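Below are two complexes that have subunit A in common, paired first with subunit B and then with subunit C.
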Partner chain A sequence: MSSLSARQDRIRAFTLLSPAYLWLTVAVFLPLSAMVFFSFLSDVPFGDREWHGTLENYQEFFQTSTYATLLWKSLKLGLMVTGISVLIGFPCAYVLAKVIKGRSREALFLLVILPFWSNSLVRIFSWAIVLRGNGVLDFAANAVLPWDVRINLMFSPTAIVIGLVHSYLPYVILTSYLALQAIDDSLIEAARSLGAKRRTILTRLILPLAAPGILAGAVLIFVPVVGSFMEPRLLGGRRGTYYGTVIEDQFVAVFNWPLGAALSFILLAVVLVILGAFSPVLRRART
Partner chain B sequence: MGEVRVEHLVKTYGPARALDDVSLTFPDGGFFGLLGPSGSGKTTLLRAIAGFVAPDTGRVIIGGDPVENVPVEKREIGMVFQNYALFPNMTVAENVGFGLEVRKVSGADRARRVAEALELVQLGHLGERKPHQLSGGQRQRVAMARAIVTQPRVLLLDEPLSALDKALRVDMQIELKRIQREIGITTIFVTHDQEEALTLSDQIGILKDGRLVRHGPPRAVYDDPQDAFTARFLGEANLFNGTPEAGGLRLADGALIAGCTGSTAAVRPENIEVSLQEPDRPNKLQAHLVQQVFGGAMGTCILDWQGESLKVIGRDQDLQGLPEQGPVWLSWDSSKTIALNG
Partner chain C sequence: MSNRLLAHLGKAYLGLILFFLYAPILVMAAMSFNASEFYQLPFSFSTEWYERLWKNDEILEAAWRSVWIAVVVTVIATSLGTAASIALFRYEFPGKTVLQLLLFPPIAIPWLITGTAMLIFFFGIGLDRGTPAVIIGHVALALPYVIVVVTARLATFDRTLEEAARSLGASAWKVTMAVTVPWILPGIIAGGLFAFAVSFDQFVVSYFLSEPGDSTLPVLIYTSIRKGFTPEINAVSTIIIAVSMGIMLLAARYSNFGGEQ
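After this line comes the complex of A and B, so read on.
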């Protein structure tokens, strides 16, 4: 009887899980496998092109320092965008979770989510309008300030960072918000009754308890930013060459898919190593 | 240490008056129970003393110092929360030591005082555990130790035992009383459990709709509740309404409650005797026995008198001679009549 119901449970679990896993297999695993295969080829196996198995694509990464330099540049960009997003996002999440009550919270939350609902290209181009010389920001600054100012942030690393922070900020706000929501207000009251000042409560109580949420948000931002190509290309212009744009070039412009694939997997490996190095911290934060 | 006093406290939330001109003195070293139904303002009063609620008007005086403008963290209070509010990221010892840590008490001194406090609540061996590894009763003790280790001037307990099961609650009541006696700290606690309030407190205060209706030693309030709300809220009471006469209170069925001066008389269920024959006593009336409830050593009779439900509690051996249902006589000693106003 019990073995029968256990079997039914297994069947039920399998039925519920199979659509998701089928989708993951078709949409993620198969294309990814194809890319792994491509990365070991000398040329794309389309049409009547000649190709054979090789490690050259991976070797190329190590032969010239260009790729490593660009990867380092992208990692720094990732760190910077993640850092700025956490610095802006966490206080915002704190106010949403602990200070504001009632209906205004919903309205403010909507504003946070808004970037998610707009097309990413539209988002980037609207930043271009704001940031360029004679743009909205330039105009506004001149209207307010009495002296003549020239703001032209367009095609600079600053513009890239602004665009990326704008796109990815909601992640860290949402994850921090959920972590902060889970902190019972009575904990803060208890700390106050014991004589703790705001600063102590923040460093000894709120930050440690919200750490898993902050870290989850940081990971969600860091990984895609390191591989990003659209923002660097559109907002960075000539100076917007990053690891992600190089990969994109291999696929779109140069048509060297095997090299692009190899570079992608090197990026994946580096990111996994970084996350692996942080996992003890993540695990400690959870308990 | 010290006496705590509130004077003319008023706190409104929109049209609702959570505290309506409450003045009360909590004696130094005493155990004071604040009692009332939910929404009566008892928790608001406690939180006003703690400093989490800012009263609209009125004063809060702790140990002689007015503290209305002193923030919570500087009031030198100890508080135990309903859910204990232990810091989940810290060990038991770190939880207890937190108040000393923020007061910059040095490591060795802090460790000694934490150990003493944990010893006092009989948890000396669990300092390295995390809160989630403790049972409910142990968490309660840790919360106590954390609240008293800083030697606050007053200990505030917000329904401290309500999360525990019945048997553990009784144990913890005795424990709480022992700890409080040992350190002699002025203690104010909020509860909706009247039995708990009677067991623990030297003094109780009963609140209703933001007003303090009655306060005093538990026995005095129980024996002489003075109004119907207190009589019914603290313990159980059978109420008889009638017309006052020269000799007493005349009831609707013609019976007379001798010597009762008020317009309402209350009699505790344990003070009424049930008999089949008409008793030879001044206070008696005829009622209809509806149901008997067996409860071990004590039994409960539910009766109907003039369409109102009455309750009598008696020793099971005294109730055995009665039928399941039928007409009976109720009587009680004149000294057990409680005269109520309104």
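After this line comes the complex of A and C, so read on.
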């Protein structure tokens, strides 16, 4: 009887699950496999093109320094954006979780998270309007400062960093906030009554307990920033060549798909190593 | 420093962060009502760009396409995702943890990689680029979000209710439709709104999968900006951001996200 119902359960579970997972297979897992396959080809296997298996695409990455340099540049961009976001975001999460009380906290939290869920392309575009020469920032600075200044941050690395921090800051605020909220206030109270200084409470109590949340936020920012291409394109102009924009070019401008696939796969490998290394932290932060 | 002073400083800091997050968006919105084509200040009010927008067939078509794609994606992703969540909640079976882990690649892998991989695969199997490819891609990106949100709602569901209904003679299907689904409805609605937002705001995957001249609104905006931007793009961007923030506010109401339980 029980084995029969177990079998029935398994059939029901299978029926409910298979549509979603079939869809994910066709739309995500098979494409990722196809990308790996393509990265070992000399040319796209469509029509009557000649193609054969090759390691050339990977050799191109390792022999010429161009791609490795760009990947390094993107990794540095990722580190910078992540670092700034954590430094700016953690205090903000702290204020939300521990200073503000009552109903206004929920509303303020929602207000912080809301932009994250709105259109990222449009938000990058809005920075282009603010940062350009003769733009709003330029106008505002001249209205306030007595001397003549020219602010034109557009098409600079600074503009890219500002845009990306703006895009991903809510991530680290969200994860730190959830970690901080889980810290029992009475624990902090106890440390205080035992005579611990504010700094000691921060470094010995709050930061260690919130660390998984902060790290999870950092990983969630670092990964997409390394693979970003739209932000450097729009805010960096001609100086905005990064690893992501080179991959974009292989697919929409140069049409060297096998090379693009190899570059994408190398990026995927880097991403998976990072996610793998931090997976214990990410799992802990989720619960 | 006294605690009161620190608390005030903290609140001021929070205000600064909110300013940073919202200022560019507000500037963009304001500029869409500015008469000058080159965003020149001082400001003079005009609705000219919205009027032009109304007559711009290319933008209107892309907007309409974005909306109906998002509706189709919402319907598919919400039904498949809800079914999967119920199965993951209700049954124990080998390999369950693996299935749960498989939800993360679509969220965690940069869209640049997923998008280019989809392009290669869909081209390879002869589906090519175009609206069907975009829909297939969007559903895959939205599914994990729906499952996460619905699963969170299911966690508050009392299993004994299902058992009670069953012992009263209801079939498994009836139990699901009459007991489980009504309880998790807020989660399903929130999941659906998330799915709509994922699709409606999606740029990267649409960019690689849509046919030139047959693109969604974000893709059209991207190509227009790269050609040199106009206040019309500004106006349509303002509308988009208002729509997507409105949807997320609704989703927040249904899913409790951010709020304490």
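Definition applied: the second predicted complex is superposed on the first by the 245 of 287 C-alpha atoms of A that agree within 3 Å, B and C clash if a C-alpha of one lies under 4 Å from a C-alpha of the other, contacts with A are read in each partner's own complex, and residues count from 1 in each chain.
FYI, contacts are C-beta pairs under 8 Å (C-beta built on N, C-alpha and C of every residue); 3 or more make two chains touch, one makes a residue touch a chain.
Everything quoted here is computed from the prediction, not taken from an experiment.
Once the two complexes are overlaid on the shared chain, A:169 sits against subunit C while remaining clear of subunit B. The wider contact with subunit A, measured as residues touched, comes from C rather than the other of subunit B and subunit C.
After overlaying the two complexes on the shared chain, residue contacts for A:205 are found with subunit B alone; subunit C is out of touch.
Once chain A of one complex is fitted onto chain A of the other, the partner contacts of A:194 are limited to subunit B, with no touch recorded for subunit C.
Interface residues of subunit A, counted against subunit B in their complex, comprise 184, 186-187, 189-197, 200, 204-205, 208-209, 287. Taken in their complex, subunit B has these residues touching subunit A: 50, 52, 71-74, 76-79, 81-83, 85-89, 98-99, 102-103, 130, 146-147, 150, 156. Across the complex, subunit A meets subunit C through its residues 9-10, 12-13, 16-17, 19-21, 23-24, 26-32, 34-35, 38, 45-46, 88-89, 91-92, 94-96, 99-100, 106, 108-115, 117-123, 125-130, 132, 134-136, 139, 166, 169-170, 173, 181, 223-224, 226-230, 233-234, 244, 247-248, 251-252, 257, 260-261, 264, 267-268, 271, 275.
Contact residues on subunit C toward subunit A in their complex (touch as defined above): 7, 10-11, 13-14, 17-18, 20-25, 27-28, 31, 38-41, 76, 80-81, 83-84, 86-88, 90-93, 99, 102-103, 105-106, 108-114, 116-124, 136-137, 139-140, 143, 147, 172, 197, 200-201, 203-204, 207-208, 218, 221-222, 225-226, 229, 233-234, 237, 240-241, 244-245, 248-249, 251-252, 257-260.
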